[in-house]
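The following pair of complexes shares a single chain, subunit A, combined with subunit B in the former and subunit C in the latter.
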Partner chain A sequence: MLFGQGGCDVALELQRQVKDFVLRNFLFTDDDKALANGDSLIRGGIVDSTGILELVGHLEQAFAIRIPPEDMTPANFDSIDAIGAYLARRLAT
Partner chain B sequence: MTRLDWNVLDLDYEQEATRIAARLREIVSRTLHRRGLVVAISGGIDSSCSIALAVRALGPERVFALILPERDSNDDSAARANILAQHLGVRVQTHDIEPALAAIGCYEQRDAAARRALPAYGPGWRMKIVISGGAEGRINVFRLIAQAPDGEVHDVQLGLAEYLQIVAATNFKQRIRKTLEYFHADRLNYAVVGTPNRLEYDQGFFVKNGDGAADVKPIAHLYKSQVYGMARHLGLPERVCAAVPTTDTYSLAQGQDEFYFALPYRSMDLALWALNHDVPAAELARVLGIGEAEAQAVYEDIRNKRRTTRYLHLQPVLAGEVNELDLHA
Partner chain C sequence: MGETAPLCARIAAIARNDPARAALADGTRSATYGELWSQASRFAAWLRGNGVVAGDRVALVLANGIEAAAACYGAWLAGAVAVPLNAQARARDLVPWLQHCGARAIVHAAGSADVDEALRAPGTPALRVAVGAGARSDTTVSWDALPACADAPATAHHAGDALATILYTSGTTGAPKGVMLSERNVASNVDSIVEYLALGAHDSIVSVLPFYYSYGASVLHTHLAVGARVVLESNTVFPQLVVEALARERATGFSGVPSTYALLLDRVPLAQYDLTSLRYVTQAGGAMAPALTSRLRAALPNARVFVMYGQTEATARLTWLPPERLDEKTGSVGIPVPGVELDVRSESGAPLPRGEVGEVWARGANVMAGYWNNAEATAQVLRDGWLRTGDLGRLDEEGYLFLSGRRSDMIKTGAHRVHPQDIEEVLAEIDGVVESAVVGIDDELLGQVIKAFIVGREGSVPTPEQVKAHCRARLPIYKIPKHVEFVAALPRTASGKVRRVQLAGTPQIQVPK
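So, the complex of A and B:
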């Protein structure tokens, strides 16, 4: 289903899945308003560096990809928007 | 623009030693209401400097030194600690904590996690954890470096669960040591000295309820280079002053910079000072001879470690107010 839709829908669906995980796993809530997609996860104190590794492990398992150390930058992982865009790029290749 | 140079870390050591000693006397007598100080000494520069300041404050008869080796600590560390205790004229007791660590599962749990990451790992191997990424502007990841009995070195990235278990098991060392420090402190009605320098304190390089636990931390405001300077000023033995900073926690020798800090300690000191005084990254880069982007990454790594380790500094957080206790008096 994910890959049968348009690029924009794919990115939105990826964002939704990542956000669900972050909300449930780091903020213990399913309240969508608790986190904006552009919020900084690291500087905002929502996810620390150990949490980022946990998030990366989850993404690798959920999307059957391997995320190499050189991709593990704040630019790729510091917000739901950034993670969604990174995943969209990885899954498109 | 602030012009940065290495002299910013210069200090009037005699004046500062006098000030710390006076403050220690005041803290121990009027705030903690104890009769002396317990200091666990590793042979490293921080605990050596701390106990020397404790002796300067209270005299050798009111300072009790502990040497707490275990399977993975270097024999030379305990030798240096003994030389220091003799030099200062304090009472000293050595307690090998290996049996306690073995009984509680420290080595077994650590090795089980290492084997999950590297199945060949087993008896006779030595290991350490290194951290990488932060200085290059990436998110830090952890690697296991293990040396087989035949000398071959293996280097594997650690999964989060394995990393956490190795650290959790290793933290037994600092916590068992602290248990012994408080046994003697309670027995003698003394207070316990924590020995972090400013770099360690600021960046959270300590184990909560382990080496992070203490009643007073006399050098937590001094940069590591200043601790070396203070040790020399106090006339500590040359073997102590020349000690290379290591964690002395893993069976393979591990520099503090490769485990935790982005740069060697002198450069980290300067970077931390520069960040604390709003010096632009380009100016730090000029003095350290590195690129501006790398200096910026070092700044960000410092900020990130502050965020990540903030909880280590926190007292237990209450869910409601208890205002009757005047804890800041």
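So, the complex of A and C:
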């Protein structure tokens, strides 16, 4: 089982996993304080057009899902919060 | 090619005669030609009112937007020189650029930590305008608060040889290279492009290319010069949104670099969208694989695909490939744009026979006046009215140009041009780095990605993550090395120069002496 018990725990665990990946691969740090969950990944210059492909590729592999092009929007991918919420929705269905 | 009307005069005429015509769209915001010119005129009046005179430099550090366009034209209206700087640049780049061009005024996005840091350095402009929320301060005027002016200022704007813009093509190592483009350079290249693309007032283009790069500036100027509309999309991070904009806006045109098209073709089901309004798509900014061009044509059967080539030193455009000849001239970047002459020459500058590979030289009204305050760099590329492009290629029997590489070490990654020295300088600051060499290695999506080869100090070699973290804190995202490899020594020539070609794994192209 990937996550802890309960919807809230699931969402938090998803956020943590995504944040770990973003910190390691785009900010090259394990310092949790380097990025707030609500920070814009695009405006903050953290993820660019190739970074988003790396991120999506990772999520597809790690969570065994396919992310269709129409889901690749700022509403779903511009922050750790947004990505966590998107994953929670996808994995709940 | 004869003398052409200054660009400002052309756009001003459209704003006067048809003020309600749509000029720019940026998300939920838009500007008519009348509104765009009103903003440009206000800024021009403010500059003049604050003592800016003809020839003074005005720096623009703005992402694409209505204000970025209005600030450029406003600077020109005031007779000043617009200096658009890379909005992704960090303070370490901005400071030397601002100091080197001696900017008297700056327009920048409010809340940019790098701009704020840069403006604390000596020799940076005291006249400051900020765009966006929270812009006003003791030292900075808000763009929205620029006073209205009853009349547009008399066009102080230069014509002919007067300097219109400086575009910096390299960073902080040594003397920066700021390409000086005159009004004549800009206007003549606009005319050439308008002619072969057959642009008109009915056109509407979606643009993802930054105005601070020559390609993006060219897209903006060519379309506004003829009364067309420019729809701004901020980037290609979400390619789906770009395609949605093309369909929603019934765009007739689109411009991109090879990676833009790779992203659109790979990540978006184009067939699900009605893109039948697209009349032309243009590609420049590095060689696009013929297979990708073929896929693009198949995906957009109604659009004419224009493969083009140019460089900032030639304002933007040097060649174009007539779409009808794509099949028979596969791999070519085409023929000179109207008003441009091309030659292929040996190392010593002697013309080479057709078919032989040498350096591409260009001549025309679009060729820059030189690099700002850098006579040495200017002398290296301007010879007897010709521009040495640094690109290698051959002309076929019909005069079609086929490129085969570059003489310089410049890395082309996506839409960006990166000089290895800018990164090596940052790497040298890391404890445990003895020396380094940065090269571009082939990448299917971006054309090239950046790889750093590092010789570490025994006992204190940093990890690749530490290297990248150091770069991340000091460089824009596109300059962070994708790959880091530690080596015992860098390969060198007999004279001690690093063999970058060997590190990049690319074949050496020999040019006749």
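Criterion: the second predicted complex is superposed on the first by the 89 of 93 C-alpha atoms of A that agree within 3 Å, B and C clash if a C-alpha of one lies under 4 Å from a C-alpha of the other, contacts with A are read in each partner's own complex, and residues count from 1 in each chain.
Here, a contact is a pair of C-beta atoms (placed from the backbone, for glycine too) under 8 Å apart; a residue touches a chain by one contact, two chains touch by 3 or more.
If you're wondering where the values come from, they're calculated on a predicted model, not measured in any experiment.
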Next item on the list: With everything superposed onto subunit A, say whether subunit B and subunit C fit together or clash.
Entry: clash
Notebook entry, point to check: Is A:Gly45 contacted by the first partner subunit B, the second partner subunit C, both or neither?
Noted result: both
Checklist line | Which of subunit B and subunit C A:Pro69 touches, first, second, both or neither | finding: both
Notebook entry, point to check: Where does A:Glu54 make contact in the superposed view: on subunit B (first), on subunit C (second), on both, or on neither?
Noted result: first
Item checked: First, second, both or neither for A:Leu27, with subunit B first and subunit C second -> second
Check: Between the stretches 42-50, 132-140, 222-230 or 492-500, which region of subunit C is in steric conflict with subunit B after the superposition?
Finding: 222-230
Item checked: Contact residues of subunit A, present in both the subunit B and the subunit C interface -> 42, 45, 48-50, 52-53, 69-70, 72-74, 77
Notebook entry, point to check: What part of subunit A is in contact with subunit C in the complex they form?
Noted result: 24, 27-29, 42, 45-53, 69-70, 72-74, 77
Note to self: Give the list of subunit A residues in touch with subunit B in this complex.
What the structure shows: 42-43, 45, 48-50, 52-54, 56-57, 69-70, 72-74, 77
Check: Within the complex, which stretch of subunit B touches subunit A?
Finding: 132-133, 137-141, 157, 159-160, 163-164, 300, 304, 307-308
Check: Okay, in this complex, where on subunit C does subunit A touch?
Finding: 88, 235-241, 259, 263, 267-269, 414, 445-446, 465-466, 468-469, 472, 476-478
